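You will see chain A twice below: alongside chain B first, and alongside chain C after that.
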Partner chain A sequence: MYAIEAENLKKSYPKKIPLPFRKVEWVNAVNGISFKVKKGELFGLLGPNGAGKTTTIKILTTLLEPSGGDAKILGYDIRRDVREIRRRINLVAEGERTLYWRLSAYENLKYFARIYYVPKSVEKERIEELLKLVGLWERRNDLVMGFSRGMKQRLAIAKALINDPEVLFLDEPTLGLDVQSAIFVREFVRKLVDEHKKTVLLTTHYMAEAEELCDRIAIIDHGKIIALDTPEGLKRLVKDEDAVEIKVKDFNPEKLRDAPFALAIVKEDPTSNLTTLRGQIDEEDLPKVVEWLVKNNAKILSVEEKEPTLEDVFIKLTGRAIRD
Partner chain B sequence: MSLLAVIEKELRMFFRYPLRVISVTLIGIVFLLQFVFFGEAVLGGRYSQILASSTGLGDYPTYALIGYILWWLFASPMEAYVWGVRRELQRGTLETNVLAPIRMIKFLIGLSLGWILIDNVLMGIVFIFGVIVFKIPVSFIIILKAVPILILSFIAFLGFGMIFAGLVMLFKHIGPLTQIFEFGVMFLSGVFFPTTVMPKTVQAIGNAIPLTHAIEAIRGIFIGKSYAELIPTIEILLVLTFFYWLISYALFKYAEKLTRVIGYGGY
Partner chain C sequence: MEATKELRALYGVIVKNWRIFLSYKVWFISDIAFGLFFAGQALLIGIGLTGERNSKALQNLTGYSDYVAFAILGFMVLGFSLTFLSGFVWSIIEELYAGTLEYSFAAPMRRITFFLGNVLLRIILTLLYLGIYVILFVLLFGLSLNWVNFLKALPVLFLGSIGMVGVGLTAAGIVLYLRDPGPFVNVLEMLVFALSGAMYPIKILPKGLQYLAKALPYAPTTDAVRKVVAFGYTAAKGEISYVLFISAVYALIGYLVYRWSERQAKIVGLKSY
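Right after this comes the complex of A and B.
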């Protein structure tokens, strides 16, 4: 049995509340996603903002009903067995406002322990264990409103472990965190899988994070999975081609639409008018690319050969880069 | 246990804003004072023969205090459901709660009960204030006789208020609309003046609101009516209680189903 099974999942949102006798337009967010996650696996959904990652997580965590397709969590049907699933999973949602800021760290965990029906006999012990695990035991009686963004995220993770879930969903867990907190979260998540044998599904738009953490990654764009493999397997898609990064000045990115090469913008600095472009370009094609850029008023600042990354995979598959 | 946890959480958070307790109590008192003084000014004094002949209760402060306290009790569940969900949405915690295995209906009732509890304590303070300031003739027997009617009224009000629980799940931002409705009810249910002064059609609408009959029953007790004399009013209140619980439960189930399609408006 798989921990997560998604079969041709679809989700459309109405533009208005679909009341009876009201004609409503629907917008597609997820367009037939299928994947399976093994127990004890750390699976990543990688894609740009608006790709359908959060919607997929919301469907799998029973917060949203799919418009089509089926999904099972630990063998339970997401439409029929909502409460069974909710007992066995938890979610670290995107953003910092998922806790009660006017309650202390301890009060937050106690509250969630109660609404997750954690047995009274283990409640106290589990709260203490979790607060110690995320390094907040000393601050347990402080109101959350006084916590830093990183501390709030650590508490959100502790909250998500309060019911000892078999499957944990993390939606952009390091978004907006400082470097140190992001490292803590990444290491902690990996430990949850390796040592605590949890199944984790995380969404991210950070390439390095997906590459570093995940056992397998599904790249998602416009509500569809466009590639699914291990990080190494995905990188093999671009292994035989060289990744080239070109730094240019005064280049109009609009011109890229007519470019005869697969180049994507990975960084833009409007104040100094600098643009970093990236793509898979053969050695013999490189002079033609440079010539084309110069013809389009770009001042070439540097041209560097790079190790292929997941960014290159995404560029190869979509012609665009995933940007922050 | 989970229901108590929601109530406890709401209470804790309410009392972390100490000024809110003072402001709600003061607003309650100021509102009462201005209506009672306004009424007395219009009627030319505390006692009105016209009021007595049309309602049986001629002492205006007593008349207004009963109406006002019951209106507060009536509005409390609506406010509790609507603002309870609104607060969770603003805090960004609604989906975190929905995701837990606690039933949505239980969570919402917990949210509202916490608020209602606070509201009723504050309402009690305003009532005692009104009784002392306006020397309202109230006895222990009257209070005791009023309790069963109050409990029945409160059950009716909870059912009526739950309609708004369904609406708030669907439309999210209905706070201002709810307030307009609450103030409309103030006129339709005869809180500060008899409904008989209004057109028949308006009176008919007022009769569909449980508050109208609750006020009539409690005022009846204050003027010494027996339960037997109040049976017709209590019967209507019972029918309305059943009717509104049925409607609100159906609406809530529909809203719950639709919300999983459109989303909880969370993070």
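Right after this comes the complex of A and C.
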């Protein structure tokens, strides 16, 4: 039995709230995705903002009903067995306003322990263990409103473990965190899989995070899975092609639409007018690329050959880069 | 076992709300002052217009003449009744604005437990406020009621509460659907107040509004409670039967509307869904 099974999952949203006699247009957010996650696996959904990652998580955590397709969590049907699933899973939602800011860290966990049916006999012990695990035991009586973003996220993760879930859903768990907190969260999530044998499905639009953490990754774009493999397997798609990163100044990115080769913007700094472009360019084609950029008023600052990454896979598959 | 788990979840919701309430201590004073001033002003307007505490017009319309007793009883029933409506709708709105609704809704706890947890604390607070009001009204306005009959009327109030829970669930279902539910709730609360017969007999309303008032559980409950307090159970048989009927109807409507709304919210992707 798989921990998560999604079969041709679809979800569309109305552009306006449907009311009687109001004709509304529906937009596809998830467009027939299928994947399976093994027990004890760390599975990543990687894609740009608006790709359908959060919608997929909401469907799998029973918060949304799919417009089509089927999904099972630990063998339970997401439409039929909602409460059975909810007892066995938990989630960390995107954003920092997901906990009660006017309660202490301890009170927050106590509340969630009760609504997740954690037995009274283990409640105290579980809360203490979790707060120690995320390094917040010393701050347990402090109100959440005084916590940093990183601390709030650590508490959100502790909350997500309160019912000792078999499957954990993490929606952009490191979004907006400082470097130290992001490292803590990544290491912690990996530990949850390796040592505590949890199954984790996480969404991210950070390439490095997906590459570093996940056992397998599904690249999702416009509500569809466009590739699914291990990080190494995905990178093999661009193994034989050189990745080139070119830093340019005063370049109008609009011109890329007419470019005769696949270059994508990976970074833009409007204040200094600097743009970083990346793509798979053969050695013999590189002079032509540089010539084309110069012809389009770009001042070349640097040209570097890089190890292929998931970014290159995404560029190869979509012609675009995943950007923050 | 299942019931024990649900009760613990209910207790969890109540404790959580109590802790949050304690972090807004000034609201306690503001809530009491607001209710007191509101009822006090309505009483003074009534007395000012009729020129005396006992009104012949009121006697003709309702059968009892003491406006102070009439209005305070109505105010207390209304205060209690509105707790259900506001408890249901504001529990969604407040959690939504705080950003915490999604986590609560993603838990295995039943939805009714979430709502009742929110409503129960409000009821406890309302009863506390009402206790304070009674003392103040006795001291300030010389309120005199048959307190034994008042206690006897409580089962009627609880019977009416079933219908009010139904209205609360219906309103909560609508709130799930609205982009900005605050104005809707304000209008609804004012409408319920206007049609509750709390401060004036509904017989003075235009015919259409009288029917509307009778179609909601608030005015019939207020009337039944008043009649039991003034004349006892036997005289109020008709009113109590109607409260029983309308409560059953609203309980069913509330259940169906909320179930439908939540299903729609999951399909359409509303609020935290």
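Following the convention adopted for this analysis, the second predicted complex is superposed on the first by the 320 of 324 C-alpha atoms of A that agree within 3 Å, B and C clash if a C-alpha of one lies under 4 Å from a C-alpha of the other, contacts with A are read in each partner's own complex, and residues count from 1 in each chain.
Keep in mind that, in the parts below, contacts are C-beta pairs under 8 Å (C-beta built on N, C-alpha and C of every residue); 3 or more make two chains touch, one makes a residue touch a chain.
Note that the structure is predicted; figures quoted are calculated from it, not measured.
S.K.: Do chain B and chain C fit side by side on chain A after the overlay, or clash?
M.R.: Partners clash after overlay.
S.K.: Look at A:107 in the shared chain and tell me whether it touches chain B only, chain C only, both, or neither; answer first, second, both or neither.
M.R.: A:107: touches chain B and chain C.
S.K.: Just chain B (first), just chain C (second), both, or neither: which does A:63 touch?
M.R.: both
S.K.: Just checking: does A:91 make contact with chain B only, chain C only, both, or neither of them? Give me first, second, both or neither.
M.R.: The answer is both, since A:91 touches chain B and chain C.
S.K.: Touching A:18 in the superposition: chain B (first), chain C (second), both, neither?
M.R.: In the superposition, A:18 touches chain B and chain C alike.
S.K.: With the touch criterion stated at the top, can you tell me which chain A residues are shared between the chain B interface and the chain C interface?
M.R.: 13-14, 17-18, 58, 61-65, 67, 83, 86-87, 90-91, 93, 95, 97-103, 107, 110-112, 114-117, 120, 143, 159
S.K.: Which residues, counting only chain A, touch chain C once they are in their complex?
M.R.: On the chain A side, the touching residues are 11, 13-14, 17-18, 55, 58, 61-65, 67, 83, 86-87, 90-91, 93, 95, 97-103, 107, 110-117, 120, 143, 159.
S.K.: Can you list the chain C residues touching chain A in their complex?
M.R.: Residues of chain C touching chain A: 5, 8-9, 11-13, 15-16, 19-20, 23-24, 98-100, 102-109, 113-114, 177, 179, 263, 266-270, 272-273.
S.K.: Contact residues on chain A for chain B in the complex?
M.R.: These residues of chain A touch chain B: 13-14, 17-18, 58, 61-65, 67, 83, 86-87, 90-91, 93-95, 97-103, 107, 110-112, 114-117, 120, 143, 159, 171.
S.K.: Show which residues of chain B lie in contact with chain A when the two form their complex.
M.R.: Per the touch definition, chain B meets chain A at residues 1-2, 4-6, 8-9, 12-13, 16-17, 91-93, 95-103, 107, 170-171, 258, 260-264, 266-267.
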